[in-house]
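Quick one: the structure is below, and I'll ask about it shortly.
Here the chain labels run A, B, C, D, E and F in written order, and each chain numbers its own residues starting at 1.
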Amino acid sequence: MSLAPMIEYEQASPEVRAVYDEIMAARKTDWINNFWKVLANDPATLRRIWENVKQVMAPGALDPLTKEMIYVGVSITNNCEYCTYSHTAAARGKGMTDAMLHELIAVVGLANETNRLANGYRIPVDGRFIPNS
Amino acid sequence: MSLAPMIEYEQASPEVRAVYDEIMAARKTDWINNFWKVLANDPATLRRIWENVKQVMAPGALDPLTKEMIYVGVSITNNCEYCTYSHTAAARGKGMTDAMLHELIAVVGLANETNRLANGYRIPVDGRFIPNS
Amino acid sequence: MSLAPMIEYEQASPEVRAVYDEIMAARKTDWINNFWKVLANDPATLRRIWENVKQVMAPGALDPLTKEMIYVGVSITNNCEYCTYSHTAAARGKGMTDAMLHELIAVVGLANETNRLANGYRIPVDGRFIPNS
Amino acid sequence: MSLAPMIEYEQASPEVRAVYDEIMAARKTDWINNFWKVLANDPATLRRIWENVKQVMAPGALDPLTKEMIYVGVSITNNCEYCTYSHTAAARGKGMTDAMLHELIAVVGLANETNRLANGYRIPVDGRFIPNS
Amino acid sequence: MSLAPMIEYEQASPEVRAVYDEIMAARKTDWINNFWKVLANDPATLRRIWENVKQVMAPGALDPLTKEMIYVGVSITNNCEYCTYSHTAAARGKGMTDAMLHELIAVVGLANETNRLANGYRIPVDGRFIPNS
Amino acid sequence: MSLAPMIEYEQASPEVRAVYDEIMAARKTDWINNFWKVLANDPATLRRIWENVKQVMAPGALDPLTKEMIYVGVSITNNCEYCTYSHTAAARGKGMTDAMLHELIAVVGLANETNRLANGYRIPVDGRFIPNS
């Protein structure tokens, strides 16, 4: 049904299995979700995206839960059904409660509204908001 | 230059001034940014949006900085110049460092990429990600 | 500054002039706005888009002002600066008042918010809303 | 299946029931659609959004049908399936005919096309379109 | 289930049949896909969109396969499920291989990421990139 | 004016210079455009994005010009001003003519229109378009 078939571990080439093994180890789980199984049709992209995710989502100045919630906010705004479900699940796994989910969605909704009020009226940016202006 | 003129405090009606006063008191500042000055052409909307912002952005299960960063993430995704500048400034006022801004933008960028990988391949959502499925 | 230069009437080929003449006649005006001057670099597209606009924006089951306001609502949602300014001006020329503009932008803002609430929570469509379901 | 369960009237708290009662009274109907049943998981948002909808969608300088059609135009542009179905149904309830729906969708389609022509060529806004410029 | 019923050839008016006949002849096929069957409820739009598609997608400075792949890239970015499936099928019919599809989706994903990095940081355009600047 | 300052070669750290050197060598040029100068504030992202661009935009099943044109199509759809200018310039450097640019923009415009016609009418995908369905 997807534009490329899902590659199961058993059928996977060694380079794909290597990525699957890393994902399962990093996530302390024994299954691979469909996103990676479809990307596996293009092993270079599978490896590349996994490396990106590892780097970007690692703990840093922002904690992993905050990063997941920003990810969910973007995914909702873009209407990515897959990503909304999968990153909401990931955020729950990192401690997001029901109350936090409701507040997250409320912020996303309001931001989408005021984005259009600002763009609709073509409001000029205040000089004080622009760094080094 | 905007589609409606900016209403300064001096010219404002009492109902508009009442909102301006609340905004300045809540933010402990003595100026009003352009967003509100343009909304003031439509006092019912000015009041309504201010009430929404107060409710949605108040501390709750999520802290105000996390909320601002989600706001920035949505605004970048929608390419709202005004909102990106103003909510980045607000987030900095609440403690966002340079390192946090870089990580925030990196997450937003990556989410926009993987949103299209998932939508592009039309990847079916894993049953485990769907609550009560 | 645009990706293609603006073609003025004086420099224009006969086929471009023919479209310009039709636009000015239809709009009872003596100037051509930049949108058409840039499309004129690709005369087939200039002719095609003008024919589309004439057909779609003609009075029909919806009056021209309602059509212009829907056009503005889409342009704001997509953040098209050119189209927001130009179709707002067109709507004003067809009778849109300040109060109507404010209500239009308020609807656009709210729709953008509730669109994300519905998409964010992944709310299933009620059977009653689906024709012939 | 949605990210939060649907709250039926029978299970609802008094504050949620109060909003449900207002919605049914305002719409002269005896059922509540899924949008509100999911928002009811977050009663403050349920109340807030209902107040927003009442204010923004009330008859004013624009009639309710025109507002619904603008709402549909935004929802199509953002690809909100839920909102496209529900607001089309609402517009039909307010008198939208088949012919009006076809023209509405045609305007939305064309606006999305010319938005990209204008943005694609990076066409500068004509000074005459900018108020007070 | 769609907002307008599908018009089969047998029920179609002569003007709709004329377009269907042209589509089948141009595509050397004996069936009509759902897109056209739904547009057929609005024969003027059916005719107009078919004329647009014929003109825009014809071989020219770009070959038809390149055009189809650009079409797919836009459709993925906008999350149009129908268009992603139908134009991917069209591109395959014109010679797109699995490897080409993977590279196409990879480019679309990356472009969506860097679009947000550029918009997020509000990076000013280099003068050298602007024609005639 | 951007949210982070531009890092010139002279001020850059060795790790940033290393990426700048690679970019200039790969592109056979002696300057660095603003995109990279701003990313340089976050050296890990600078390195990561450059590695992604090198991998994704390399010649493969698709030639580099086709990839650039898909990139432009996405950037126009998302209204990324920076990316539209910079990738149009890149495409011209790889041989895109005026006629090709016009056709590219025409395809992008039309795809954006038909995306909304398909989403607006909620047209079901034909079974024949879905692989392995």
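Throughout what follows, a contact is a pair of C-beta atoms (placed from the backbone, for glycine too) under 8 Å apart; a residue touches a chain by one contact, two chains touch by 3 or more.
Treat the numbers as computed from the prediction; the structure is a model and nothing was measured.
Undergrad: Show which chains lie in contact with chain A and also with chain E.
TA: B, C, D, F
Undergrad: Between 0 and 180 degrees, and as a multiple of 5, what angle does the rotation take that fits chain C onto chain E by Cα atoms?
TA: Chain C sits rotated relative to chain E by 180 degrees.
Undergrad: List the interface residue numbers of chain D and of chain E, divide the shared ones by all numbers used, and answer same when the ratio is over half, different when under half.
TA: Because under half of the interface numbers appear in both copies, chain E and chain D meet with different residues.
Undergrad: Repeat of A-D among B-D, C-E or A-E, where over half of the residue-numbered contact pairs coincide, is which pair?
TA: Within B-D, C-E or A-E, the interface duplicating A-D belongs to A-E.
Undergrad: With chain centres taken as the means of their Cα atoms, state the distance from chain A to chain B in Å.
TA: Taking the mean C-alpha position of each chain, the two centres sit 20 Å apart.
Undergrad: Hey, how far is the Cα centre of chain C from the one of chain F, in Å?
TA: That pair's centroid distance is 27 Å.
Undergrad: Can you tell me which residues of chain B touch two or more of the remaining chains?
TA: As it turns out, chain B has residues touching two or more other chains at 1-4, 45, 52, 56, 77-81, 84-85, 88, 102, 105-106, 108, 110, 112-115, 117, 119-122, 130.
Undergrad: Looking at the complex, which residues from chain F come into contact with chain D?
TA: 76-77, 79, 81, 84-85, 105, 108-110, 112-117, 119-122
Undergrad: Quick one: in the complex, what on chain C touches chain B?
TA: Touching chain B: residues 79, 84-85, 88, 98, 101-102, 105-106 of chain C.
Undergrad: Which chain F residues qualify as touching chain E in the complex?
TA: 1-4, 31, 33-35, 38-39, 45, 49, 52-53, 56-57, 60-62, 66-67, 69-71, 73-75, 77-78, 80-83, 85-89, 97, 99-100, 102-104, 106-108, 110-115, 117-126, 128-130
Undergrad: Would you pull the chain E residues touching chain D in the complex into a rising list?
TA: Interface residues on chain E, with respect to chain D: 3-4, 41-42, 45, 78-80.
Undergrad: For a test of understanding, state which residues of chain C touch chain E in their complex under the given definition.
TA: Touch list, chain C to chain E: 1-5, 44, 48, 52, 55-56, 130-133.
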